[in-house]
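Heads up, there are several structures right after this.
What follows is chain A paired twice: with chain B in the first complex and chain C in the second.
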Partner chain A sequence: MFRYRPEVAWVYLFKLLPYLKVTLFYMAGALAIGIVFGAGLAMMKLGKNRPLRYFAVGYTAVMRSLPPIILIFLIYHGVPLLARRLWQVNISGLDTVYFVILALGLSSVATLSEIMKSAYLSVSGGQYEAAVSNGFTPFQAFRRIMFPQALRVSIPNLGNALVILMKEGSLGYTVGLIDIMGRANLLNSTAYGNDIYEIFFTLAAIYWLASVLIDRSFRFLENKLSLERRIRLKEAGLIAANPQGGITREP
Partner chain B sequence: MSLDFAFMKSSFFLAAGAVPLTLFITAMTLLASLPLAFIIAVARSGQKGKVLNLIFSLYVSAVRGTPIIVQILIIYTMLPDLLKFLIEKLGLPFDVYAINNVFYAILIFSFSSIAFLSEVFRAGLRAVGRSQYEAALAAGLSGFRAYTRIIAPQAVSAVLPVLCTSVNNLIKMTSLCFAIAVNEITGVVRVAASRNLHFVEGFLIIAAIYVLICLTVEWGFKILENKVRAHKVSA
Partner chain C sequence: MLELSGVGKSFGKNEILRDVNLKVAAGDVIAILGPSGSGKTTLLRCINFLEIADQGTMVLEDRTIQLPRAKKSEVAFVRQKTSFVFQNYNLFNNKTALENVTEGLIYGRKIPAKTAKEIGRKALEKVGMADRSDFYPSQLSGGQQQRVGIARAIAGNPDVILFDEPTSALDPELIGEVLSIMKKLAQEGTTMIVVTHEMSFAQSVATKAIFMDGGVILEEGEPHEFFVRPRHERTKQFLRSILYEMEYTI
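Then we have the complex of A and B:
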């Protein structure tokens, strides 16, 4: 029957919390992979080279349809096999967390490339042309005009992607990763399932809180960037802030 | 060491045999959660009901903020006890432990899809706008008819692309049924692969099958989108 003892849950909270480090570690690793290679993939999608574009679109379609658990399993069992076969190296001793990072990274490359692509497309192409005709080099035009605007547009999606990464990474426990989920699973079997509610409600609360924190901080970032931009533009006399909070251009 | 093609072939047939179960779970979940999610979205779009709004926004945030595997583990442990309690209270001649796990899977996935889908429909309702409803009432339609004939078709067609993503996410979610011993695609192949340790072969096959299913769903939604383009409002 249902039984929940807060004092027991409290004890488990402190047994679980240290393992949040592992969760944050693979989130950061996967995000780094996603940003670096996602930018490349986004460039392929926006570029003119047809084979590269098809490759990028195909890769994204496959990653979008793969359940995260399948990906994690494939990487965890497949990469050591591949390494042994291609380079005769034995990497099965490598910490599980790196396999999880690779798996999550592969899928976040696809997600982030989509986010970057749509953010880039949301900034009108006229801006780029205007910058270039004002004497910016293409790189400067991207770096100073397109990128700051695209970044702001992409912030809510980035927060969302991070929450999804956190949740998908919890499946790493199926290949023996001891992150916060793996630890909870371990504690549960140690207690023979007697404290299951205390453990898993605490775990759920930690995840919930973490995702709310991520959401809030990205919303804060979004507001801050837009506000700063507005103030700077206002000081330069380029805009007048309208009462609805949007930005209107003065003729 | 190379891939075991014989095992790949056998696991393909194993997985293909389990496809109907995956699709059944997906379809039943959608059948249960689409109407409920729409009703919740409509209820939340009204002006009144601050408490209702708070409860549902907490529910959505909790579902969105926790991994599905955690939801599965919690609900799967809680539900039988809860059902047993209810059945004993009502005095029904019914054995809780005889309930198939597929039923639990559908309940759990509905619990999470309702949250996501209600958000999707809320966006759709916002896209249609209040004026359409008022115009429908002014034209003499009843409130119910205004929703079924005017609002719902427009709202749904406005969010078809997002709906497609949600359906695909649901299909991917069903791969977690292994946690409650339901033998859908992932479950059967996982068991077969653990017998001879040919995980890579087995999971390559499953990956291909999921990609095939999801791309088919996307293609179906593309066709649907083209069909309903006529009365589309932009979301």
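Then we have the complex of A and C:
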């Protein structure tokens, strides 16, 4: 029988919320790994070096096919084993969250490298050539012309990737991670399954709210960086400078 | 001023340029004609190091540069002394018209921003785009974009400007505005190498016409001679086909 008591859900909300910290922490960690190494992988994919390109493409293909839970299990159980074998160090005492970050990071390296690669390719290569032909160094051409445009293109996809990261990380509870998911699971056992709706609807609401917030902030960012906005601002400036209203005459 | 000798370039097994020799004196306007795939774009790109030639030497001002083994400093030197106007403009879409002109001055030539702006304004004025200097490329018509492209090319005061079919991406009614600017530049003594299918431009503005076919320069000469009495059968054929096409479109 379905029974839902808002006042109980309310109590659970405050029991769960502090653990959002953990969720945000693994998201930030995995995102950082993904951005740093994903940029490297994207460069390999776009570069001329064939072995590196094959490596990058292969890595991405493997990661894409791998269910995140397998990766989490492999990292959580496999890495301490490896560390003991190879360097005789015991890292099984390390907080679970770091293993989850590593696992999610490895897969987001692949995801983000794809996002960065396609964003870069969406900016016409002719602009790069025009820049170096104009005397830019390759780095300047990237930094001033290609990167700003690619960044703008990639923002919606980055937001999506972050939401997916958040959800994949909830699998961390299977290796004992106490994030909001892990905490909800514990609360549920403590209540012998009696408060299942109050707990998991509340949990779902938190995830929902977080993803809405992520979406909103990425949309805000996208708008902030958009060319349309800069054009509007410029036009506002032009109109202010020229009260007649007409922007300029046809030459 | 600019001299190319023995330029060769292959893509894989395809030999695209073969022993191309070209002498450009100050004030020359050289029109390069030729069928599609004859290597015209590749030649211009090799001059600007957008493509690295397999063989050949370039003499530019007082420097002699081995094209396949150019050092970074030599590439930078050549790019300072030459500039490129692209078929599809290749303006920086995230920069205004003025910034499109000044960025290369500021970052490529280390000219102070303020001076660069003055130079940029003058260049835009010259192509009739001064009143569009705050516009982004997406707000400009193709002809206007190409005029900004030309402003960007003249701003650094290069020895030679390379034009790769500057009007072929334009709607017919916009071609005139770009050609007339190029004509003006030519009359002011700007040295230009122009790949074009605009016969009337080549005929009336160029000081030398070159016909390329299959990666080699088949024929070159004074435009007058070249158009009226082409020596090579291929040149004749080509000119006839172009003229026919022109009549056909009219």
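We adopt the following convention: the second predicted complex is superposed on the first by the 227 of 251 C-alpha atoms of A that agree within 3 Å, B and C clash if a C-alpha of one lies under 4 Å from a C-alpha of the other, contacts with A are read in each partner's own complex, and residues count from 1 in each chain.
Heads up, the rule we're going with is that a residue touches a chain if its C-beta (ideal position, glycine included) is under 8 Å from a C-beta of that chain, and two chains touch if they have at least 3 such contacts.
Model, not experiment: these values are computed from the prediction.
Check the residue A:Lys21 against both partner chains and state whether it touches chain B (first), chain C (second), both, or neither.
neither
Please work out whether A:Leu203 is in contact with chain B alone, chain C alone, both, or neither, and reply first, second, both or neither.
In the superposition, A:Leu203 touches chain B alone.
If you stack the two complexes on chain A, which partner ends up touching A:Phe73: first (chain B), second (chain C), both, or neither?
After superposing on A, A:Phe73 lies in contact with chain B but is clear of chain C.
Please work out whether A:Arg216 is in contact with chain B alone, chain C alone, both, or neither, and reply first, second, both or neither.
In the superposed model, A:Arg216 contacts neither chain B nor chain C.
Tell me the contact category for A:Gln149 with respect to chain B and chain C: first, second, both or neither.
Touch status of A:Gln149: second partner only.
Taking the superposition as given, does A:Arg64 touch the first partner, chain B, the second, chain C, both, or neither?
First partner only.
As a test of reading the superposition: which chain, chain B or chain C, is in touch with more residues of chain A?
The partner making contact with more of chain A's residues is B.
Between chain B (first) and chain C (second), which, if any, makes contact with A:Arg232: first, second, both or neither?
neither
Can you list the chain C residues touching chain A in their complex?
So the residues of chain C in touch with chain A come to 48, 50, 76, 79-80, 83-84, 86, 88, 90-96, 103-104, 107-109, 128-129, 131-132, 134, 136, 138-139, 152, 156.
Residues of chain A touching chain B in their complex?
So the residues of chain A touching chain B come out as 1-2, 61-62, 64-71, 73-74, 77-78, 81, 84-85, 163, 166-168, 170-171, 173, 181, 196-197, 200-201, 203-204, 207-212.
Would you mind writing out the residues of chain B in touch with chain A in their complex?
So the residues of chain B touching chain A come out as 1-2, 61-62, 64-71, 73-74, 77-78, 81-82, 85, 168, 172-173, 175-176, 186, 199-200, 203-204, 206-207, 210-211, 213-215, 218.
Can you tell me which positions in chain A touch chain C when the two form their complex?
By the definition above, chain A touches chain C via 123-124, 126-127, 129-137, 140, 144-145, 148-149, 152, 227, 230-231, 234, 237-238, 248-249, 251.
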